[in-house]
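First chain written, first letter: the chains are A, B, C, D and E, and each begins at residue 1.
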């Protein structure tokens, strides 16, 4: 229902400026994911959008109307807090129903139905009568999500909603959220996460924040394939993209050469030589860490299991089509 | 310094039994990771080991001595709480230094050095003078980690310590923790996580918990390659292992056939046929979800980017050497 | 009052944007404060102002309407004698008054100090989990629950040198070598009053501190437990800082009460110069003596002295007025 | 576990209970003595006993039958309850404003409220008296309820303000997002979390009002409107100088019992960990 | 009319009053309600002053202490005319004490005067006479006390009085001073007479008793505390008001029948005599009474001979009407009352009339000076000198 626009939005806590002029447009019905290093201002930005925090300067628009001063309750938002912020004295059911009971004209049955639906979806049906303190971390987090989705907002704000869930549940919940989004085409969702997979799979577009500023906005593939800066390149993708400087980069006529671990091949005729310092076997893949005279070891991802003793010398080559080249300023060379 | 042994440990909260008889041995200096679905009792088990919670029945031994009733402070542990539990009235520095100031004979300089070292490692040096409430979620979590690692305990207990950190920081911190462990060969570490990568890379052994019981204990590769049950097979590895039942499984002479997404190949002569219902592009890989008449869609992981329109019909084959076969009871057929 | 400087209102940079949320809250705040302010203005405003006004007149209780303005005469006035010597009169040079001030301050600080410490101990005990805690809590509140007029008399009875049970007990236990006339002698009168006051009001302190203790999040004690913090250290480093706000209000209100102490002394040692406090003196002048204006001046000065001490306390104790708000 | 460990635990246990016992004895002894006294009469009053020697309910009978003591008891209950409920109602809203909304002059306001508690009761007696007669509520319970706000309100406002300040901001924010108005936040979110503080201030204010003497004496002039402390003060021996100790003690016991019951009922609400599980961090 | 009378009277006193009022109601058709007050006279005084200052119309008739008349005179009706017929029946000294600037402020209801209580049995046992001078008292008390203690009664004391710093001490000390011929603090003409040798001697004498024949704690005793010790049988002599008589003879009293009363001893010196402080209560009509006539009627009724006689019979209160001391019924019913006439005739009024509104302060200064002396803070001579200066200050131009 709501398109959100931020124009040069700033936020300072006392003397510390935390959001340093953000321009951003979130389209109606879009699924926007915020990523960025811890402490870069994601939660703060979310809180500014929610109206919980006043913006220090700039303009915030919902559907073209300035809402700088609009109360949170009038913005039609639901929010999942990073710290859960559950009502400690209410049962799970009450926590989830609270917002609904405040809306006029909601009958009890309807509320129960909606709460139970959300609870089923989040697999917390059997905990409806418990108090938050009797729940595990992940269960609490699910209650926080449930509280948001029982409501029927125009904008969903999720602050790392899945961080305490196990992989299976995370995937399941992620898919539920995606379904939810598909079912409500007008509902805008803004989602903060640290999880690469979540960001890549859920997002219509990803907004990379860095130190209170927007670094790049784009679809997941854009960011992955055409990062606008070294920072984005390094931030998107796991393991982190390898940055290779010096002569080796010069050979590719750039200041820094970016190659993702999955775009490196170990082959006898590899153009670079490296010493294995460590291998990590993740089951599906193995990461091999090579010492190649760079600041950081270079990671090579190999499908399946592999075992290289530390000290083994390997030759590797980047897949040329997939390399990223950056100039001194950290901007891509295209 | 400490080997930990649990003998038929049980824990009930009121009527609800949460830990239902756990036998487990954690060796001295071992890095043990607990994984399991949300709410299965990981935190509770950790709290039992720490002594914060009394065990309802059973025995807990540290280095062969029963410690059922030993006070937490006497167990020589450091712990990172899932809920952080920072001292709200102390600055980050004080939070981290507090445990140290209590130890006799620690001079100020030494303490400052250690706190600063940990702070540097966790990249929170510039927040040392802040109060917890002035920090972002990830920063708080790092303080909680920092508080534990400045100390010099016999046992480290980590409860999802990295869940709120961004990928880069998470990798960095993970590596630091691994280093820490390497540097202190006598220190036992027990680590709860939901992150597959963390579990696989950090653990000497992984303990899979399910509903208050130990499902399987083993090295990461054992669990990945030789899961003892459908549950473990499904739990370890991301994306989740595909379970294929019915005729297709019967063809492999088992009740359920388990194939990981990365062990499926799309090829014209594939033995199974499926309809694409969804593709997820993660950058390095793409997950293709196929409708194959199973309960859940089957996931195929393809390296690199790939685009299949929904509705496309594909043929796939499992890599035979990598399939897992389970009988009706969910136990592996070998 | 110089409270503006007490950090009450951290200078917030003038915001261009005053959000509706802030406005709504400000509106609610106004709405919420108005009943209280009206109530207080009515119930306290008129009597207080009147009292202050009378302190500048020559009012007497038999003829309040005929009170005439005499300025600061009740506080200080002087007279040049024929010999040229100047004679000062008035409250500010009244030795009885200053004696009472000294008594009051001494009493207030001693009693509040003891009560704070004992109250804390009691609160800590009550905070522990043990069987029969409810009953002990009720039992502990009894001293506070007995009406002062009764408990004061009860104590004067118990403190009696001849048939008082305390002397008897003291002698039996060998604590006293001879019966002591607690309230009679100037040396022990203050001690007696202190004992009774501490006995009576420690529960007040304890209960407030207990409430404060209960509001402290439990999980940080777990963290402390893990950190291996010794209980004593836990108390000083965690409990104390976190109950401080509650402790501070409890102390403030006890201090205000103690500085105005009246009924206890009025019953126990009504006219002993060693325990006569400002309030007792004020009452004497207001009602017993025909010096209503002088008594009003005492009340006013008492008010100023208390205000001064409170401000000093708030400043020294760094009681904060902010925090918690968004 | 070693034996010394056990011993230490046991010693701690013993010491703790000794402390509890000591505290209870000190608190209750005078009351116990009052109960003893309430069973005595005549010269026995002047004799020191530690254990009951005689048992007679005469004094209780006297108290309940002379004057209008039962009526006074009801008056006290009414006046104290209404005073406390009103004070808590006004204070909890006011303390929300004072603790959770930032506005200029907040400190000054708090100090002003405190200032009201800095004037001696005697000094405002005359003015209050006029005011009460002016309002036409002299000699009614409302006179007392009205005048008691002068000391209950500043106290409740301050205490609740202090306690409300410590509630986590996040929970309030969650409620704001859920569309809760300040009133809803106060009543449905904060109040349940503040039970210890509410009960404590309520009890303390209740006892304050219950035991108030000077106002009660001055602003009422008939037996039917007076409260218990005045009634006790009015209990008298047969002659001017005789203090009827037995009766006074019986009356004190009678008036203390409701308070003890009140404490027993409400102390259940003084529990810790009400905010546990709400937020992390 | 509907009247209300405020009374600080106590238990049986209130019952008695109610009974009399019932009669009054029956006779006149008025209704009267009693507003009871705490028995502490200081509390009553403060309340009444406040009520009267605020023009409280709810109370018509007040019961007043003898010493209050001058201080509250402005707010009470002048009863001179209404009582013209009966004033002559009362002791003139009492009427005088209630007359301020020619205005009869209150009508006397009963009077009061303390006596010396002594233990008949002990005096007999040790072969002693009832002392008539303080010196004798001291000697007798000491002797008996020491003897009794030697016999094992360690709690025994010689003499008990009211030594707490309060109005009661003013009464006690006035008796000592007056009995030594030391005047009555402020003389009826307003001169301040207290600073004299006789007065100092009297007070010094008592100071010598404290910790000697009187317990240290005596300095904190009011009537009830001293009665307590006395009634336990732990004192030879005791100064108190008539009320202690019937209580001491109560069924459960260990000293029942073992004691008697006598006039307080005299001092020595030129004007030495026995002196008892005048107490007693009166009824006054509020200026603000909506129905002054009915109220006056009530006051007159309560002061009437009829009520006083009843009062004497039922309450053993001393009448203020001289004729009642010869009344046969009273002599029969309360033999003690005629005996008290002697005591009462020696009664000295406190200087409330000359000092007018300032009496309370005068009294307070006086008892403080005495209490200081008794507690050993300075000699009587020193303290009285300061007292004189203070009183002079207080007096200013005129009382």
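One rule holds for everything that comes next: a residue touches a chain if its C-beta (ideal position, glycine included) is under 8 Å from a C-beta of that chain, and two chains touch if they have at least 3 such contacts.
Quantities reported herein were computed from a predicted structural model and do not represent experimental measurements.
Any chain bridging subunit A and subunit D, meaning touching each of them, is among B, C; the list is complete.
Counting steps between touching chains, the shortest path from subunit A to subunit E takes 2. Among the remaining chains, those touching subunit C and also subunit E are D. Taking B-D and D-E together, the chain pair joined by more C-beta contacts is D-E. Subunit D and subunit E have Cα centroids lying 39 Å from one another.
Here the CA centre of subunit C is 16 Å from the CA centre of subunit D.
Work out the mean CA point of subunit A and of subunit C, and you get 56 Å between them. In subunit B, the residues touching two or more other chains are 82-83, 86, 135, 137.
In subunit C, the positions touching at least two other chains are 21, 24, 61, 64, 163, 217, 219, 283, 286-287, 326.
Multi-chain contact residues, meaning those touching two or more other chains, occur in subunit D at positions 46-47, 125-126, 130, 169, 173, 176, 181, 233, 243, 273-276, 280-281.
All chain pairs that touch, listed by label, are A-B, A-C, A-D, B-C, B-D, C-D, C-E, D-E. Residues 16-17, 19-20, 23-24, 26-28, 30-31, 33-34, 46-48, 50, 90-91, 93-94, 96-128, 130-131, 146-147, 149-150, 153-155, 157-159, 162-167, 169, 172-173, 176, 181-183, 196-197, 199-201, 203-204, 207, 210-211, 213-214, 228-229, 232-233, 243, 245, 248-249, 251-252, 255-256, 259-260, 263-264, 267-268, 270-276 of subunit D touch subunit C in their complex. Here subunit D touches subunit E in the complex through residues 41-47, 66-67, 125-126, 129-130, 133, 138-139, 217-218, 221-223, 230, 233-234, 236-244, going by the rule given at the top. Residues of subunit C touching subunit E in their complex: 60-64, 156, 160-163, 179, 181-186, 269-273, 283-284, 286-291. Subunit C contributes residues 15-24, 326 to its touches with subunit A in the complex. Put simply, subunit C touches subunit D in their complex at residues 1, 3-4, 6-9, 12, 21, 24-26, 28-33, 35-36, 39-40, 42-44, 46-51, 61, 64, 121-122, 125, 127-128, 130, 134-151, 153-155, 157-158, 163-165, 168, 199, 203-204, 207-208, 210-219, 245-246, 248-249, 252-253, 256, 259-260, 262-263, 278-279, 282-283, 286-287, 292, 295-296, 299-300, 302-303, 306-307, 310-311, 314, 321-326.
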